[in-house]
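Below is one structure; the comments refer to it alone.
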Amino acid sequence: MPEIPDERRERIASDPFCQKLGVELTDLGPGTAATELTVTDDLLNFHGTPHGGAIYSLADAAFAAASNAEGDAALALETNISYFEAVEVGETLTAAAERVHERGRTASYRVAVTDEVGDEIAAFRGRVYLPGE
Amino acid sequence: MPEIPDERRERIASDPFCQKLGVELTDLGPGTAATELTVTDDLLNFHGTPHGGAIYSLADAAFAAASNAEGDAALALETNISYFEAVEVGETLTAAAERVHERGRTASYRVAVTDEVGDEIAAFRGRVYLPGE
Amino acid sequence: MPEIPDERRERIASDPFCQKLGVELTDLGPGTAATELTVTDDLLNFHGTPHGGAIYSLADAAFAAASNAEGDAALALETNISYFEAVEVGETLTAAAERVHERGRTASYRVAVTDEVGDEIAAFRGRVYLPGE
Amino acid sequence: MPEIPDERRERIASDPFCQKLGVELTDLGPGTAATELTVTDDLLNFHGTPHGGAIYSLADAAFAAASNAEGDAALALETNISYFEAVEVGETLTAAAERVHERGRTASYRVAVTDEVGDEIAAFRGRVYLPGE
């Protein structure tokens, strides 16, 4: 991906909250990004399954990376997520974000969260505001 | 809140993901719950503001507590969140969840996330499925 | 409501799509609005219950009225709706919209749809963009 | 599409609300459906652009058709829509719904609304509950 300068990719990849959770940026392009997270015991809820907040954070990290990849600060306005399947401790999840639409000062992104065999375990959509300079 | 047995409250309060993030359960009743989180540096994103995933997780924790307070396992199906205001490091945020509707095997909850002066900084709504026994 | 000029209220009330469906504007203030709709046979779906599109349109009309009440054109970016209860033919439904937040170029509205006895049958939230001049 | 009996397709296609609006069912398969709507003057809002309720209803009709195509009654729980572009009077819009996930008693559908040149003007996602017998 020659379009995204190394410096910007490093800044996005060094997100403190992502580092705390173990969310890694694995891909970044203009309007696209992918993140990964391996489910560890400290990401579980009181049912013993991955916390919705952990799954959401993985998807949100891909959304944030994709929407800020081209250098303009993008602020999240609205997001929604559908949860489909529970996953096991030890599994590595992937979130893939792509831009669906951009016009004027807003843009919309779709994120698919998949498990190791490629099944979609959650679907996310988010809208950002681009305040400009 | 005499309706919620101590044992259940303790189980909900000892959620591993919430402990990792610093989310505390401060109130629990039938269909209601409140959680708190103080914004620390490790909850920030690469812009230096609280990560959407941290704000969402605070709201989602209140939603999960409220929807599981009465003892039936509740599984999150769909959630959405609107982000209103950025907050500063050091601020303590509160999420208050209340049940809006319950019928048959689903229930809906509304969560307001407020800052220290009571301004709503995010609004969340979530739907759970109650599989029953 | 002295704040909303008659001319503007009349323009909002004469919305062609609302007239087609039978949606009436019953209240309009700064950031608030109410609409009403009586469920007729032509608003049913193939199950014989009110079409989701009819319930949504009632809520959306209140949202549009509230967000345009003060004279700045507001464009809907994102909306979501939770359906709670089916209603019968002949019932009159009310949608009440209120502004939850406004800052800069966006604003958020919450709409409750209630039946004749005041039970909430659907909950809606919407975000608008205010392009300004 | 041999899988969907004619009788069921006719029942879905004869939805009263869709007929009122001019929404036509153009395709129906297991978990998929397409609908069409030509924007007429009576579908406009007070800004003179197609009412959000009309766009939503087109998408919701595809969602309802797809989720009921296989014969089990499906009840809408939650939907959300992102609006991208305004469209002109006279344009014919298409909504294409596909099932993203189904398990147990719920299923999730994604709907893309496109204009005549194939640009996505709105994105919709909906979750249904399948009460079974």
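Chains here go by letter, A, B, C and D, matching the order in which they are written, and residues are numbered from 1 within each.
Assume a contact is a pair of C-beta atoms (placed from the backbone, for glycine too) under 8 Å apart; a residue touches a chain by one contact, two chains touch by 3 or more.
Note that the coordinates shown come from a computational prediction; the quantities given were computed from them, not determined experimentally.
Asker: Sort out for me whether A-D or A-C is joined by the greater number of C-beta contact pairs.
Answerer: A-D
Asker: In whole angstrom, how far does the Cα centroid of subunit C sit from the Cα centroid of subunit D?
Answerer: Spacing between the chain centres: roughly 20 Å.
Asker: Based only on mean CA positions, could you tell me how far subunit A sits from subunit C in angstrom?
Answerer: 33
Asker: Report the inter-chain centroid distance for subunit A and subunit D in whole angstrom, where each centroid is the mean of the CA atoms.
Answerer: 28
Asker: Could you list which residues of subunit A touch at least two other chains?
Answerer: 77-78, 80, 82, 127
Asker: Is the way these chains touch best called a line, a ring, a star, complete, or other?
Answerer: The chain contacts form a complete graph, every chain touching every other.
Asker: Residues of subunit C touching subunit D in their complex?
Answerer: Listed in rising order, the residues are 11-12, 14-21, 41-47, 51-54, 56-57, 60-61, 64, 68, 73, 75-83.
Asker: Mind listing the subunit D positions that touch subunit A in their complex?
Answerer: Against subunit A, the touching part of subunit D is residues 80, 82, 84-85, 100-101, 103, 108, 110, 120, 123, 125, 127.
Asker: Spell out the part of subunit D that touches subunit B in their complex, as residue ranges.
Answerer: 77-78, 80, 104-106, 127, 129, 131
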